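Scroll down for the structure; my scribbles are underneath it.
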Amino acid sequence: MAQIFHPRANTVAIAVLVSIPVVVVLVFVVNYQLHASSYTTGEGRFVDQPVPFSHKHHVGDLGLDCRYCHGGVDKVAFAGLPPTHTCMTCHSQLFTNAAMLAPVRQSLATGIPIRWNRVYRLPDYVYFDHSVHIRNGIGCTTCHGDMSEQPLTEKKTPLTMGWCLACHRHPGTHMRDEADIFDPHVPDPHNDPRKAVAMLRHYVVETANMTDCSVCHR
Amino acid sequence: MTMAVGGAEIFPAGTARPGDDRRLTRVNTNEAVNVLVTGPLLDSERWRRWWIAFAVSAALTVIFFGSMIYLFVAGIGIFGNNSIVVWGYPIANYVWWIGIGNAGTLISSMLLLTHQRWRAAINRLAEAMTLMAVAIAGLMPIMHMGRPQYFYWLAPYPNTMGLWPQWRSALIWDFWAILSYLLFSIVFWYTGLIPDLATLRDRATTRAKRVVYGALALGWRNSARHWHIYQTYYRTMAALATPLVCSVHSIVGLDFAASLMPGWQETIFPPYFVVGAMYSGFGMVVVLCAAVRWGLRLEALITMRHFDIMAKVMLMAGTVMLISYATEWFSGWYSGRGVDRRFLGFEFAGTYSPLYWIMIFCNCIAVQAFWFRSVRRSLPAIILISVLINIGMWLERILIVWNTLSHHYVASMWRLFYPTLWDWLILFGSLGFFAFLYLLFVRFFPVVSMHEVRQLVREETAS
Amino acid sequence: MSLVLLAEFEREEALVNAVGQLGERDYRVIDAFTPYEVEGLGGLLGASPFRVRAAMLIGGLGAAALCWFVEWYSATLGFPFDSGSRPPNSWPVFPLFPFEFGVLMAGVFGFAAMLWSTGLPSLNHPFFDSPLSDRASQDRFLLAIDIPSTARARRTLERLLADMGAEAIEEAEL
Amino acid sequence: MSAGTEISRRAALKLFAAGAAVSLAGCSRPYEEILPYVDMPEGMAAGEPEYYATALPLGGYARGVIVKAVEGRPIKIAGNPRHPASLGATDIFGEAEIMALYDPERSGTIRGPNSISGWSEFFAELLARTDKAKSGAAPLHILTSTVTSPTLLRQIAELSGQVPGTRWFAYDPAGGAAEGARLVPRLDKAKVIVSLDADPLGPGPMQVVLGRRFIDGRRSADQRMSRLYAVESIWTLTGANADHRLALPPAGIEAIAMEIAGRLGGGNAPPADLPGEARHFVEAMLADLKAAGQGALLLAGGSLSAAARKAVDDANRKAGAPVDRIEPPQGLPHPEALGDFLASLYGGKVENLLVLDCNPAYDAAPGKTFADRLEAVPFAVHAGCYDDETAGLCRWHLPLSHPLEAWSDLTSADGAVSIVQPLIRPLYETRSAHEVVALYAGQPTPSGHDIVRATWRQDETDEAFENWWRGTLVSGIVSGRAPKSSSLSPAASPAEALAPEDAARTPPKGGFTAVLRPDPTIYDGRFSNNAWLQECPKPLSKGTWTNVVSLAPVDAQALSVEDGDVVAVASVEGAVEGPARIDRGQAKGVVGLTLGYGRLRAGAIGTGLGYNARLLAPGSLGNVVAGVKVIRTGRRAPVPSTQMHFSLEGDLGKLLPEVTAGEALPGAGKPREPVPSLFGPGPAKDPYSWAMVIDTAACIGCNACVIACQSENNIAVVGPDEVANGRAMHWLRIDRYDLGDAAEPRHGFEPVPCMHCEKAPCEPVCPVEASVHDTEGLNVQVYNRCVGTRFCQSNCPYKVRRFNWFAYNSGQEYQDLGKEPMRARFNPDVTVRARGVMEKCTYCVQRISGARREAEKTDTPIPEGGVTTACQDACPTRAIQFGNLQDPASKVNRLRADRRHFTLLAELGTRPRTTYLARVRNPNPKLAGDSA
């Protein structure tokens, strides 16, 4: 019988056979990379807002404290967003006719809130409490990065479960003194083991239950 | 139509030719084997019966997948499960199908290692059954889950959550038992098929068949060197298949035994499930052999002697099942625990007890008929008893689930299971889907392993 | 590829006795092509299944060890959980997954080693050029002998093969 | 659970398609918006719950509650510890008011004669009608249910002054006797209590406080444990908790009541002709009563005649029984009875009618005659929360605000007055009852807030009144001040408050006697459209979504009727049909019916369920209908129920052990000695190990904990078909077992939440770590990790887990429970579970986590009692205690050492953290002989 296949068929057959295990491994690798990439976590993504509010200007240049607008951050789970009145305390005097601030003025007039776009979003089944972190030595820069450098708010951290767990397993290295909590320039983490132990004792943090599922999922 | 190649009359005197109404009594040449097995595959007009069966199975397959899609859209509430009897038909179907699957490997590996030459005619038939039964068995747990779209969480894949499977759960062992067993069976079945594909490649008449069979045969050229390496690999695989199949069905038994519920927490479950698997598997093999033998006229290859031996094996397995049940009853009574004794009472006299007695009849009593040679000689009797065995074994699996979940420790939560239409559709749909796959196999692949039968022919002609 | 003489025999005994006699007359038998495995012929011709056995052993045990490590790592270091206050390192249940996966990997590695040592897949092969190659997979037994250098030795070889019952003798390239 | 929870499946599919298109188109996920306030109300941190004290009416009487509101929407009711009628606990009706508030079926628009109309149009026609009424031509008739609101009484009095000839009628749909002084028995001080067909522990405004006092009387270590006898015809909660119970038809009970009342007071009364063992029972009871002296207490039920009740009252006075008599406040108008209203309605004398917040066409006089007469009334106005049967017959229907939306004030059954303050602005264009009556009084735009303040305003400075007002709102109890009574004397003379007429007292001429009782979970029909209450298992039959006809076994045999067979109960005036339920221990010749069902216009949830028992005797509010025939219809309608098996034969008795008073449970109280174990030491020690002890002796089976748990943890309602399929979702079930024997059948209640076992069998079997133990000892169910293999429920010996077979709360809701306002009831701290996910009692992990975070913030440990579970808060009798095992002084540790302490299925070695105290019975030695 004459040859059925062209000599190239051998290499094609070998390629197909070899590709099966390769594809299986590839699936695992690509899946992980895709989920860890910024495409999924949204890390480093700027979010455009109805009013281009610049933290760089308000925090960096003017030196406003976080709690001025985000009042609930050390009291309740939700950090809180400034009501229109807080903006208008200054902007009723400054840049009163700037086109950029038209939505703020319109909101004040009509009583309809400004529809900001959320930058940091956690799934519904995750219960994150700002106040217990702020009151136990975790500063704003740990998760939000240096706000004084962000003209438009950017998502600085992946907020994946693995990322949160890394901190919950070694909380000490991410804790800082009370004074630095709201300081935008303090880098994180400090990686000083002695300070870590000191911080844990200072804030009386119970680490036994930090990786319990009931801490974040209810 | 007689096949004459190279002028030599391939059928010496005394042997009937295919298409001849007299059944072939003895096959004593290689060519006879080739003609019998590859004949139907290569000329495609004698398939009327096949098309009828294929149409019926295709309809059932549409029902099966239709029900599955509706299940995923509407949710598993469409089944008859409730919050107390949380498991139902899909779990029973899963155990039943993987039980049938296991018998295929038992035939092709255990009987190979014990030099049962007669298995050569039916081992590929059985391995194909394994493949398809385990594939369907693999679908069942996914259909039984509440959120099937996350079944991959049972695998240890690297993820951004830092979470891993929980290795103490019998369901994780199940995941790997099914996956390994399915892939192992595919490799084992394909390896056995390579030489026969080469034969088909060389006998193919149309270009398309030659290319397809040629590609699948990976260029096998029957070199003696290759045979030596091939047979070593094939026998080692058979040696590995036996412990694999025993462990797979022991793990399925551990699904129930690795719990603390009355009627499940018994040490006999793993071996008792393996024997149960072999038992219902042989039943299915008998049915398939009879069907394929009738469909493709392979009476010469799959002889009544095969059925006789298989009947004996089923007799042995049926008796072992009876012993297993007796052990269960005795250990339940002997434990002296109130809950176990109440459980036995519920099994024997409770709401499901009629089904229990039907199961005892099908599994243990009907098969005793095989003591008589006359019964073992009549094919219809064997087929009937095999079907009864499979019905009995399915009943056993569903009763294992129902009895324990309906009648357990806390009396206030005793509750019964009422099946719905969808339970039945998925069950019979899965039968249809199995038939659908099997008919495709019969249509495109050699049903009998020619190279092993040729060795059989050599032994008979040499002696 | 070497030039060989292909001799076609009808029965296995003829082939085996031919191999024996050619061996005595120290002709070099390259290979034989039979529709089923002829006991011992492969070993006689020097094929060794060592690679398959080694691959299965190493592949199987290696995969099992990897699985046990994944189990142990994930249960004790990756994300240790209190699951029914069982100890994180519950080694009694650990062997199940490695055994299943190990057996599978043994099979897969064995298959790869078999293909590797037999040179398959070789869909296009000079052997298929010879018209006799079709029958090898059905009912004929072929023998491939190295062609002796001189034409005379070749003629004696062909005559010898004919005496031994060879039905057809062709020249082929392997 | 996921982002798609609040959109229907079809919308979800559209979104999915859109989502797929967007992700294909490239860049990133669609944004999610976040909206701040325009002007933040001061003191309010977003997401922080606030608590307001208010009161909720049941049958007109108040129970003080504290309502938790998050971001302006009330989500949870709890008892007000300072209120004497709730003592910090609630009943199922209080807990379920949240569901009633957000019910999408509530009427939100005014319906005029032939079209939707507005308040102004109504007011215009009302003015015309009032002028005619003032001219004496068409006097105003007002029909209400029991009114205890001082403000409303004042308004009615002023209105009848303004519009002469106004007549006010009131009736209690549940058929209670509305005679003069309210009697509040002090069950904690009584030693021997005899309930003569009274049901103090049954559903009603006083259930919470009577339950608490009854159990306090049995639990107090210092004095002797009280003993309860119940003489009744059908099973009630009081009968279920009695030490001894005698089943007799109503006539028999009447006779016994007269005899005992007579003989207890020293006089002699004709002995009632009773069968042998009943006579023995009565003699033993009488001896016990006499021996108890000041501690003896008789309770007369509604089915007794006025004479019998008077005799019992006199006997109590003579024996000095511990009963508080609450005199109604002076100077307030007295309503006329329903009979007078029907007489004038049938006499055609009603031209101008206001039906205020009641549904007479259903619960007073159902049937054609009343309906035709009501339709004939030229100006009939119905004001109510629902567009119900009566509203359909009236010319106008005015939507009323829900008690959580309106200002009012209410008096509790034991006389305490509290202010009702709204938690939320009215969801629809509704008005409160005060505002409607003010409209009648001619005020165009009345404000409920001002009307109520006017009642309580005394001549004092604004500032003093404001302080008093705010103090009362915070405490929830009006103290030190009487309401401004009406300056005008009511025109109509206060007719002697008649007990419901005893016309039906004629001796039964053969056939059965029907006894009507308010339904244990639907009460009188006001809550028919409340899905939580419809799905709440009845305390004794565990049936849901319908009422049943209960028969004694011997009668059932005679009629060859089994459980679930439909029987017809026919009286002279009407007939009803319902599924039969065979109750061992029910009096022979008596058929038990419950009110509240058979609604024709209740809404999607309540319409068409069960039968309306009032059809047997329309117009009479008595709860006994004599001479009733029971006929087998041959059809079957099995009742969807959550528990199918009740008996504890053989060694099942260990599930609910019972001891007699004073005895210890063998093997109780000994601390568990450490068992050698192959496993090493457990995980790192955490300062808290949560545990719970449930006292089955204190559980009266009222289901308050079940509905509290459902409200706190967003538990889904699955509907009758799914309950019949065995898929009810309550995390906390109360198992009701048959104790005693056929001769004297008794019941035992055992609330079963999750056991939170230390060696939990459900954790090692979960393949994806969705069921896992945390260091605080909780068995945590992680909903977002669960894939629904359900092995955990298979392996749970207690069967405490519940599965979402369908998206009961997120896409495939029952009837209209998915509609818009319904989603506002959810507790934001608890995940709303998706389809295919297992769920179970979590010891209210959201409360523990809240307290834990508070402790972490303030660096102070959680104090004893710092965390209370929802069921513990709701329990009227404080049967559930929750606390930290590591604190040696905690109550749970003390209870674990109690001599009645036992663990459910201890032999399995799961080491549950929820443990129990055995049930206690205080039998009378003379009667104990026949039923050890």
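Going by the order they are written in, the chains are A, B, C and D; count residues from 1 in each one.
In this section, a residue touches a chain if its C-beta (ideal position, glycine included) is under 8 Å from a C-beta of that chain, and two chains touch if they have at least 3 such contacts.
The shown structure was predicted, so the numbers you read here are calculated from the model rather than taken from an experiment.
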Request  = Select, from A-D and A-B, the pair of chains that is joined by more C-beta pairs in contact.
outcome  = A-D
Message = Measuring between Cα centroids, which chain is at the maximum distance from subunit A?
response = C
Ask   = Using mean CA coordinates as chain centres, what's the subunit A-subunit D distance in Å?
value = 47
Ask   = At what distance in angstrom does the C-alpha mean of subunit B lie from that of subunit A?
value = 53
Message = What's the distance between the Cα centroids of subunit C and subunit D, rounded to whole Å?
response = 81
Note = Rounded to the nearest Å, the gap separating the Cα centres of subunit A and subunit C is 58
Of all residues in subunit D, the ones touching two or more other chains = 683, 761, 764, 766, 769, 772, 774-775, 785
Residue list for subunit B, restricted to those that touch at least two other chains = 162-163, 165-166, 168, 172, 201-202, 214-215, 218-219
Query = Which subunit A residues touch at least two other chains?
reply = 1, 4-5, 9-10, 13, 165
Inquiry  = For the complex, give me every residue of subunit B touching subunit C.
reply    = 29-31, 34, 156, 162-168, 172-173, 176-177, 179-181, 183-184, 187-188, 191, 195, 198-199, 201-203, 214-215, 218-233, 236-237, 240, 243-244, 247-248, 251, 451-452, 454-455, 458
Key: subunit C residues within the subunit A interface of the complex   = 79, 108, 112, 115, 121-125, 128-129, 131, 133-134
Request  = Please give the residue numbers of subunit A that touch subunit C in the complex, ascending.
outcome  = 1-7, 9-10, 13-14, 17, 21, 165, 211
Remark   = Per the touch rule above, subunit D residues touching subunit B in the complex are 643-648, 650-652, 655, 722, 725-729, 733, 735-737, 750, 752, 761, 764-769, 785-791, 793-795, 797-799, 801-807, 812, 834-838, 904-905, 908
Ask   = Which residues of subunit C touch subunit D in their complex?
value = 79, 81-87
